[in-house]
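Look at the two complexes coming up: chain A is in both, with chain B in one and chain C in the other.
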Partner chain A sequence: MIERFQYDNRIVKNFMFATILWGVVGMLVGLTAALQMIVPDLNMASWFSFGRLRPLHTNAVIFAFVGNAIFAGGYYSLQRLLKTRMFSNALSAIHFWGWQLIIVAAAVTLPLGMTTGKEYAELEWPIDIAITLIWVVFGVNMFGTILKRRERHLYVAIWFFIGTWVTVAMLHIVNSIELPISLTKSYSWYAGVQDALVQWWYGHNAVAFFLTTPFLGLMYYFLPKAANRPIYSYKLSVIHFWSLIFLYIWAGPHHLLYSSLPNWAQSLGVVFSIMLIAPSWGGMLNGLLTLRGAWDRVREDPILKFFVVAVTCYGMATLEGPLLSLKSINAIAHFTDWIVAHVHIGGLGWNGLLTFGMIYWLVPRLYGTQLHSKRLANIHFWSATLGIIFYAVPLYFAGFFQSLMWKQFTPDGFLVYPNFLDTLLEIRSAYWLRAFGGTIYLIGALIMVYNVYRTVRAGRLVANEDAEAPAMEKLVVAKESGHWHRWVESRPIQMLIISLIVVGVGGILELIPTFLVKSNVPTISSVKPYTPLELHGRDIYVREGCYTCHSQMVRPFRSETERYGEYAKAGEFVYDHPFQWGSKRTGPDLLRVGGKYPDSWHYYHMLDPTTMSPGSLMPAYSHLFENSLDTSTTRAKIDAMITMGVPYDPEFPGVANVALTEQREALTASLHKDGIETYSDREIIALIAYLQRIGTDIKVKPLAETGPTR
Partner chain B sequence: MNVIFLLLTASTLVATVFLVAFIRAVRSGQYDDDRSPAVRMLHDPAPSRNIPTPDTPSEHVRANH
Partner chain C sequence: MLKFIKHHLDTINGIDVFPVTSFILFFGFFLCMLWWVRKVSSSHFQHMSELPLGEDPSPSENTTHAI
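So, the complex of A and B:
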């Protein structure tokens, strides 16, 4: 019996416009941050400084731009692949508006410095809860649609969406376990090494299951559609899916090579990263080979051009990723701009171009008209492609050469570039070129905005698209011809459970040991909890996003121990909620900065970095000299730490502010001795207290008296 | 410390079962239909122009029941 129904195009349109809007915003914030790295004066206010805008940029492009693109393409393809309308119009609307509200909340709170300090998971706990709820709404809507479908077979794209939903839910919940002390502040439940492992298990799999698998789903739908040819090998797509979700979840520790993470966990991450090449390239080749015999059409059709370069970038990034996880290559690339270039091949190339191609394909269909200008779409394609090249190539050079400068020794055994700043100033021209590339890419996106606007004006939204399909026949279970995978394909709930098991096995193996096995973290008796003032200072460090430019992880290389001091030990970080190891050194590592300079040096340096390091590109932090420290939260902070197992005396929370006052009066007196008159209640005092404490608990020996080494 | 080996063994065992099951599935050629889904997804036939009869209610009508 043929049934008539209507596809919901309005929800697709809403998500698509949100994609475009937040895409432009996210890229604009990215460009701003890129310029702030070269022109420190562009850090114009506390809420407009690099340390706060960089998290805004990453969150905007990942969760707002790419997120909305997933939902737009997902809602369009799910309905057509399953031959049904979405499960619930209400849930679709709640999903849409809920997600946009979350984005707005992020755009407000991140510049205000409300952050958990964990990369790509910076949003504070109320927003984390909102994300969870909206994700559940999305899940109910998707699985509801799958259950009422008229097509027995679940096309490969749907598996990718299912795998995405399951894994992201698990990652988000596990990594977001935090202890709130107020509406806007919480502490990660995990500390130090464990926090690092959970965070990069999350961080890596956010790339895997938010930026990769859903986009593979989109590729498997929109690429064959745009080319009007079936995917090269359906069999390969099945293998591709299962092997990818099976392998991806284990590779997280490759973000922590040479860190204080136990070595066996690092090596495990490397092995699985290398294995990932196979399924990744299987997917890439499957996409590209779909166009075999149709390459002449790629010359004509801008949409196919976008797709071809997007899939090529996917292939490049997924070969580069495993290579970067080899320890010898990672030793060079980690903490440098090489990584920034790598992620932008993925972000601008794979996610960006696939999204643009998808939008150009969708708009005329949603509005029952033709694309306004194919020529403008072609111009957009070339500006985006050139933008990527101008962005990435200079940063590859910059990352490689800066790393070599960090590691270079003179014949008599001294660092050739003892001053970190010298190595940064050498690569400044690459930063300019990167900003130029980003500008071209953004201009291309604005051309798309115009093209979409004109197309929309010329057409009329087909809000409800008529469709018909035969009702799904009752499944007659034929055991003998049954096959486990066929069985799974027609049973989404069982499939959900199997996905959970596959994904969970990887997660458990990776995480449980460090939780259970105390011996992974040798307790160092000299490592003591932070004083209340230092704890406040640490929170300011997190709030200002210092970790976006400074690491706290000295790797066990001679070039690093010479420059910074003793390498990092796992036991040093047991009271660090959250860990602040960082992932990028635009400035020097700070793990051994404690006691390296007098208090007054930090005072002047934070007021105007160029007075202490001429030519410094670090922003000034004048607001820390104006704001007074909020000591009303001291007790809640110490209480929270005690709850999480930090061994303060049980009586201590009551008298913490007494200790705090004592310490800051002493620090103010020390500044006074150096001729600095300041109020003791200012935030800068707490920050200096923290900076002077970092890494001093196990300082093995004072640094060689050979003068400044950084 | 032994818990590592316990977990490692148990987890790897489960993981291996999946891998073996998958490879066997592929090798035994049980994907009878590994072509048509890829072709079928290309077809979104436009609905015929017939006026819907009460026998074929639209989704909206059914939703009101």
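So, the complex of A and C:
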């Protein structure tokens, strides 16, 4: 029996416009941050400084731009592949408005310095909870739609959506376990090595299951649509799906090579990363070969051009990723702009271009008209492609050469560039070119905004699109030569459970041993908890996003121990909630900065970095000299630390502020000796206390312990 | 100092079971999948791969949307 129903295009339109809006905002913030790296004066206010805008850029692009694109394309394709309207209009609306509210909350809280300090998971706990709830709404809406479908078999794009949903839920919940001390501040439940492993298990798989698998779902739907031919090999797409989700989940530790993470975990991450080339390239070839015999149309059709370059960027990034996980290459590339170039091939190329192609495909269909200008779409294509090249190529050079400069020794065995800043200033021109590339890319996106606007003006939204399909017949359980996979692919709940098992097994096998390590991390007896003042200082360090430019991880290379000091040990970080190893060195590593300079050096340096390091590109932090430290939270902070197992004396929270006052008076007196008059209650005092403490514990001799009061 | 990072492997009992298990799991799973895709009829895959094309109007971007 033929049933009549209507597709909901309004929700697709809403998500599509949100994609465009947040895409432009995210790119604009990215461009601002890029310029701040070359013109420090652009760090105009505490809320407008690089350390706070960089998390805003990454979160906006990943969760707002790409996130809304996933939902726009997902809601469009799900309805048509399942031949039904979305399960609930109300849930669709809650999902849409809830997600936009989360984005607005992020856009307000991140510049205000409310952050957990874990990359791509910076949002504080109330927003984390909101994300979980909205994600569940999305899941219920998606599974409700799947359950009321009129097509028995689930097309491969839907598997990717299911795999995405279940894995993102798992990653987000596990990585966001944190102990709140107020509405706007929490501490990661994990510390040091464990925190690093969980974070990069999350961080890597955010790339895998937020930026990759849902977009592969979109590729498997929109590429055949645009090319008007079925996917090259459906068999290959089956292998692609299962092997990709199975392998990806293990690869996180390749972000922590040469760090204090146990060696076996690093090796496991490398092996699985290399194996990832196979399914990734299988998927890329599957996409490109879909166009076999239709390449002449690629010349004509801007949508296909966007798709071809997007899929090619996917192939490039997924070959480069495994290569970067080889330890010898990682030793050069890690902490440099090479990685920034790599992720932008993925972000601008794969996610950006696929999204643009999809938008150009959707707009005329949603509005029952033709695209306003194919020529403008072509101009957008070329500005985006050239933008990517201008963005990435200079950064590849910059990363490679800066790394070599870090490692270069004179014949006498001294560093050729003992001053880190010299290596940064050498690559400054590459930063200008990067900003130029980003500008061209952004201009292309603005051209798209105009093109979409004119198209929308010329048409009228087909809010409810009529469709018809036969009702789904009851499954006859005849002894069909039943295969397990065919059984699975027509049963979404089983699919969900098997996907969860596949990614769960990987996660558990990867994480559990490292949690067992907890009792096996060699305890370094001289490593003590932070004093209350240092803890406050550390929170300021996190708030200002210092980790976006400074690592705290000296790798066991001669070039690093020579430059910074003793390499990092796992046991040093046991009280670090959250860990602050960082992932990029725009400035030098800070693990051994404690005691390296006098207090007064830090005072002047934070007030105006160029006074201590002429030519420095670091922003000034004048607000730390004006704000007084909020000591009302001291007790809550120490209590939280005790709850998480940091061995403070049980009576200590009650007297913590006494210890804090003693230490800051002593520090103010030390500054006074160097001719600096300042109030002891300023935030800068706490930050200096923390900076002077970092990485000093392993130097302490047991008998001459000078540890602070605790 | 090296002892701080060198002995993680030795200090966890039965650590080798984790990498070995993961390898066996993956390859077992992978072999099953290869066996399955070879076994399934091509007409099923044909049907599956045509699902997105369906009854939609011609998707060329020059086409006016038809309901």
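Throughout what follows, the second predicted complex is superposed on the first by the 693 of 710 C-alpha atoms of A that agree within 3 Å, B and C clash if a C-alpha of one lies under 4 Å from a C-alpha of the other, contacts with A are read in each partner's own complex, and residues count from 1 in each chain.
Here is the rule we use: contacts are C-beta pairs under 8 Å (C-beta built on N, C-alpha and C of every residue); 3 or more make two chains touch, one makes a residue touch a chain.
Keep in mind it's a predicted model, so treat the numbers as computed, not measured.
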First (chain B), second (chain C), both or neither touched by A:Trp361: second
Partner chain in contact with A:Arg80 - chain B first, chain C second, else both or neither: both
Touching partner for A:Ile501 - first (chain B), second (chain C), both, neither: first
First, second, both or neither for A:Ile231, with chain B first and chain C second: both
Which superposed partner A:Met1 touches (first chain B, second chain C, both, neither): first
Chain B versus chain C as contact partner of A:His153, first or second or both or neither: both
Partner chain(s) touched by A:Phe246 [first = chain B, second = chain C, both, neither]: both
Touch count on chain A, higher of chain B and chain C: C
Chain A residues contacted in one complex by chain B, in the other by chain C: 80-81, 153, 155-156, 221, 224-225, 228-231, 234-235, 238-239, 242-243, 246, 466-467, 483-486, 502, 505-506, 509, 512-513, 516-517
Residue numbers on chain A that touch chain C, as the complex places them: 77, 80-81, 83, 151, 153, 155-157, 220-221, 224-226, 228-231, 234-235, 238-239, 242-243, 246-247, 250, 260, 262-264, 267-268, 271-272, 275, 301-303, 360-361, 364-371, 374, 459, 462, 465-467, 483-486, 502, 505-506, 509-510, 512-513, 516-517, 520, 522, 524, 556, 566, 569-571
Complex contact set, residues of chain B against chain A: 1, 3-4, 7-8, 11-12, 14-15, 18-19, 21-22, 25-26, 30-32, 34-35, 37-42, 44-48, 52, 55-60
Chain A partner contacts - residues on chain C that touch it in the complex: 1, 3-5, 7-9, 11-12, 15, 18-19, 21-22, 25-26, 29-30, 33-34, 36-37, 39-40, 44-56, 58-65, 67
Residue numbers on chain A that touch chain B, as the complex places them: 1-6, 80-81, 84-85, 153, 155-156, 221, 224-225, 228-231, 234-235, 237-239, 242-243, 246, 466-468, 481, 483-486, 501-502, 505-506, 508-509, 512-513, 516-517, 519
